[in-house]
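After the structure tokens below, expect a handful of questions from me.
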Amino acid sequence: MNSAATRDPADRLVAALAELERLDVSAMTNDDFLLTWERSDDEIRGTLAVAAALRAMREQNISSRVFDSGLAISLFRDNSTRTRFSFASAANLLGLEVQDLDEGKSQVAHGETVRETANMISFMADVIGIRDDMYIGKGNAYMREVAAAVQAGYDEGVLEQRPTLVNLQCDIDHPTQSMSDLAHIVDHFGGIDNLRGRKIAMTWAYSPSYGKPLSVPQGVIGLMTRFGMDVTLAHPEGYEVMPEVEEIARRQAGESGGSFTRTNSMSEAFADADVVYPKSWAPFAAMEERTELYGNGDFDGIDALEQRLLAQNARHTDWTCTEELMATTRDGQALYMHCLPADITGVSCEQGEVEASVFDRYRVPLYLQAGHKPYSIAAMIFLARMADPLGEFRRLLDRSTSRVS
Amino acid sequence: MNSAATRDPADRLVAALAELERLDVSAMTNDDFLLTWERSDDEIRGTLAVAAALRAMREQNISSRVFDSGLAISLFRDNSTRTRFSFASAANLLGLEVQDLDEGKSQVAHGETVRETANMISFMADVIGIRDDMYIGKGNAYMREVAAAVQAGYDEGVLEQRPTLVNLQCDIDHPTQSMSDLAHIVDHFGGIDNLRGRKIAMTWAYSPSYGKPLSVPQGVIGLMTRFGMDVTLAHPEGYEVMPEVEEIARRQAGESGGSFTRTNSMSEAFADADVVYPKSWAPFAAMEERTELYGNGDFDGIDALEQRLLAQNARHTDWTCTEELMATTRDGQALYMHCLPADITGVSCEQGEVEASVFDRYRVPLYLQAGHKPYSIAAMIFLARMADPLGEFRRLLDRSTSRVS
Amino acid sequence: MNSAATRDPADRLVAALAELERLDVSAMTNDDFLLTWERSDDEIRGTLAVAAALRAMREQNISSRVFDSGLAISLFRDNSTRTRFSFASAANLLGLEVQDLDEGKSQVAHGETVRETANMISFMADVIGIRDDMYIGKGNAYMREVAAAVQAGYDEGVLEQRPTLVNLQCDIDHPTQSMSDLAHIVDHFGGIDNLRGRKIAMTWAYSPSYGKPLSVPQGVIGLMTRFGMDVTLAHPEGYEVMPEVEEIARRQAGESGGSFTRTNSMSEAFADADVVYPKSWAPFAAMEERTELYGNGDFDGIDALEQRLLAQNARHTDWTCTEELMATTRDGQALYMHCLPADITGVSCEQGEVEASVFDRYRVPLYLQAGHKPYSIAAMIFLARMADPLGEFRRLLDRSTSRVS
């Protein structure tokens, strides 16, 4: 089932480089990775191919250190152990050293300060990874502000290199997650061309905690609709995601020969699904309201909103991934996915997103899903910083330095 | 006296590798270093030999970078500048980059969360160093839980490599400290075989501070009893260490032809000693009680216990390492040891573990003792991650890359 | 105008190494960089040359990694994103890994503790960068205490290498800043010999914030007076800098054939200036008083002093760099400098050090000025740790490893 686990890494490496050779990834050089739907199909496939090649090299103990020195700057607006480790792993794999820019949890100022700080930290930076997902309309905009600042710095001769921005999660998309999810699905079905006609259910699920980000469901519908899949987005009324992203999903589904369906029934989504992704998120409209309240400094309003959302939330405890629901999927064997950590009923909370027996059964696949992230990030960096990615792989294989001697 | 300081590093390197060649260290490959008494005599000697070889190489400016990339994860439950630097130095010496997993001072959850977190941070980790010494029955158990999690992850194909666990101090043992202490004693007496019949006094000493860990005295009696030394453990009544570790010390002393004696007299311990190690620690039974109180959330009980312990402590201010006591040791010349920082009378506190003049006289040896730690840690990593340690040294010497050009 | 930006990096590299060949920098080996006026003219020129060579190499994608392993320890008494990144960039460029010694904002103890800690963290340290500028009479003294500790550790055989101390800002000087400022001026005027007769105005400017360090103006007058420049120090009455540093500036101006003038008129300083450096700082006498109050734990006294200083400050809002003032400089075209971040009127504060239009016009030169710092720090490390700097450059060029492959 899992092609990555079963095929020989040497074979996988050859296949990945052959795939890369067929693709046009030239526009990725010196560019950022901010939203998957800004990248062409070739570029999405190229990112998968590079990630697969880097993994196959590491499994064969071949170094992919392409930087002799250089910094990878991480800028996180919240504590995130896993994202931090994924980014650090990717940077280290390529030879970059992570330097954290810790700006606390407060919102960073904009305008002049962003421009100046972005340049001051980038004199020797090859990558800047940003995670900023807390406020609707802010995170992705901030990334573009930083990108413009370092582009100007490079054009003006202030920076000797133009650091690449990698979106490690924003208010709109979560490309390093969705690309890892895609890699996992591709492994599971034995190739990206086998996704055609498969049904994936991205569904809301109940969690006692408040305000989980929208970037995961948005990232999934914004990416999986590109490969001919039948994508169903399911959630209770009132839990809509950003309409712009739904629109993108709808358009892409049409172009790729797949479909995009929205429903308010979890069971309808699960029926005959090949993949299920049940996960809690906050309503987009409420997150927009929260951003506005925050902007006005109306903390009483935020409290009131939170109470309202918790009450709304509590009406949907029946949205949970049970064995019973799993039995209704294709042959009762759908691939269960989650970005982790999940809220597991009776384990991490009284009532959560998934039944413990379902989670347990899929624990190994879930860990494999997560294991794609360091390689997805490394692939984005590699494609942005290497002008000739294929030639670079040939050079690395020719050099053939051992990772561990 | 100090052979490491007096002999040529090239000679020391040859001797260390010749020693390594005689030893069977094969069971250390891919294994953890959690308790010294779980390792065979060959493995203890092999760890000393590898540490000595790495040091002799560095002194000759020969690189021992065996990793081209890879992470060394540190997980500390308390702030520890020195342990942090020792671990970072060891990792850096071998080519690994440290990534801190900062879980704050709160106790990390167990069960599912440990399993998941351990795997999520280990995708590109070659080592995990853990320091968790605050609660009896917890620290070492937690390390084994993490070890089991990454072993399962490796067996299930989630992890491409199985990171090695290094115990950087737990509730039972402090192997990187005791191995460094042993290396220091071996240097002092000119060889491990010269330890036979030497008397070492591991004695309690008064400090105004409360609750110092038991892992140092336990680590010392659990290791020094293996080489034919006469090990005396001295403390006031009520300051017993873990009975299981005493039992191990007693058994090992019998097997090695040495002895293990317990006394409630500091002067008896110092009499004719070759080595003295006076240091404060908390009573084991009290630490066990504290763990239980903590488990029950009984913070009033913890306060009461602390008051009781401070009162008990205050009755033993006469347990201090004076010049007078030092004069009673073998030729008045015993080697004074401490894991640092020490509580020095009139310097760091009014009344402490040692008189200032004694400490001052032994300052350089104490710093040399501490200087073994980065190499001890590096040796543990090297032996766990290199399948053929001797062959690896030959390759490094053959390559002969300069550390500083 | 900016020679670094216009000339070919290969040419600049040749020129820098030819310059280095003419200079005697031998006394820098294994020495610290604490005050610019402790270094000979050859050594100042040599530091510029090495910084320029390292930059020209990086621009040509040639690695200057001279360390295969080793730590660069940073010890900051305050949060400083920019200094942290400059130091990390410099260390990374040479192959060292940064390890932060976070001692919080509290003052580190002196005496025994400094000696012990300095040795404990230095077993594998090649550099220690310290920033300690908060208290008059403390920062530089602390650096010398650390330097003495590691020197003793090295002499006693505790440390295998003697880590170099780099002053990243103290109460007296800010050598990495002033050397970067000098490099920027040299670039601007096309060579160090073109500085002769140029007028630089180091002037106080109003900022609403309290207590900015004296090290920048002191560093500038203590360095720029060495190259035949006409250095004018301007500030309102009561904002005097350390008299010892003024004395050094006066003596050096005499020796170099330049001049050192003090005035209480900003317009006098700006008149016909080739370079202007308007910046807020706290009065030296007040800082000395604050240090004493702090030493006595007199926090009410500190509050009272702060109120007095803010009132005094508010009387000088007219000390600001306006377009009108800029028009009075040489051809209205003086180079405007600042160590950043600046307090910009109407941008970062209501009324500040500089008008927004002036700042905007010089934004690119200001960023270029800041961009010298990583190279200045790297040059200090390089000259201290490489016994034969010129030979080392030849070896690096011969090796010619790519920084990014």
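Which chain is which? They are A, B and C, in the order written, and residues in each are numbered from 1.
One rule holds in what follows: a contact is a pair of C-beta atoms (placed from the backbone, for glycine too) under 8 Å apart; a residue touches a chain by one contact, two chains touch by 3 or more.
From a predicted model like this one, the values you see are computed outputs, not experimental measurements.
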Same residues or different residues where subunit A meets subunit B? The copies count as same if more than half of the interface numbers are shared. different
Can you work out the rotation angle that lays subunit B over subunit C using Cα coordinates, in steps of 5 degrees? 120
Quick check: how many Å separate the C-alpha centres of subunit A and subunit B? 42
Residue numbers in subunit A touching 2 or more other chains? 97
Residue set of subunit C touching subunit B in the complex reads 66-71, 97, 99, 101, 111-113, 116-117, 119-121, 123-124, 126, 153, 156-161, 385-386, 392, 395-396
Footprint of subunit B on subunit A - complex, ascending: 2, 5, 58-59, 63-65, 81-82, 84-86, 88-89, 92-93, 95, 97-98, 340-341, 344, 347-348, 364, 367-368, 370-371, 373-374, 401-405
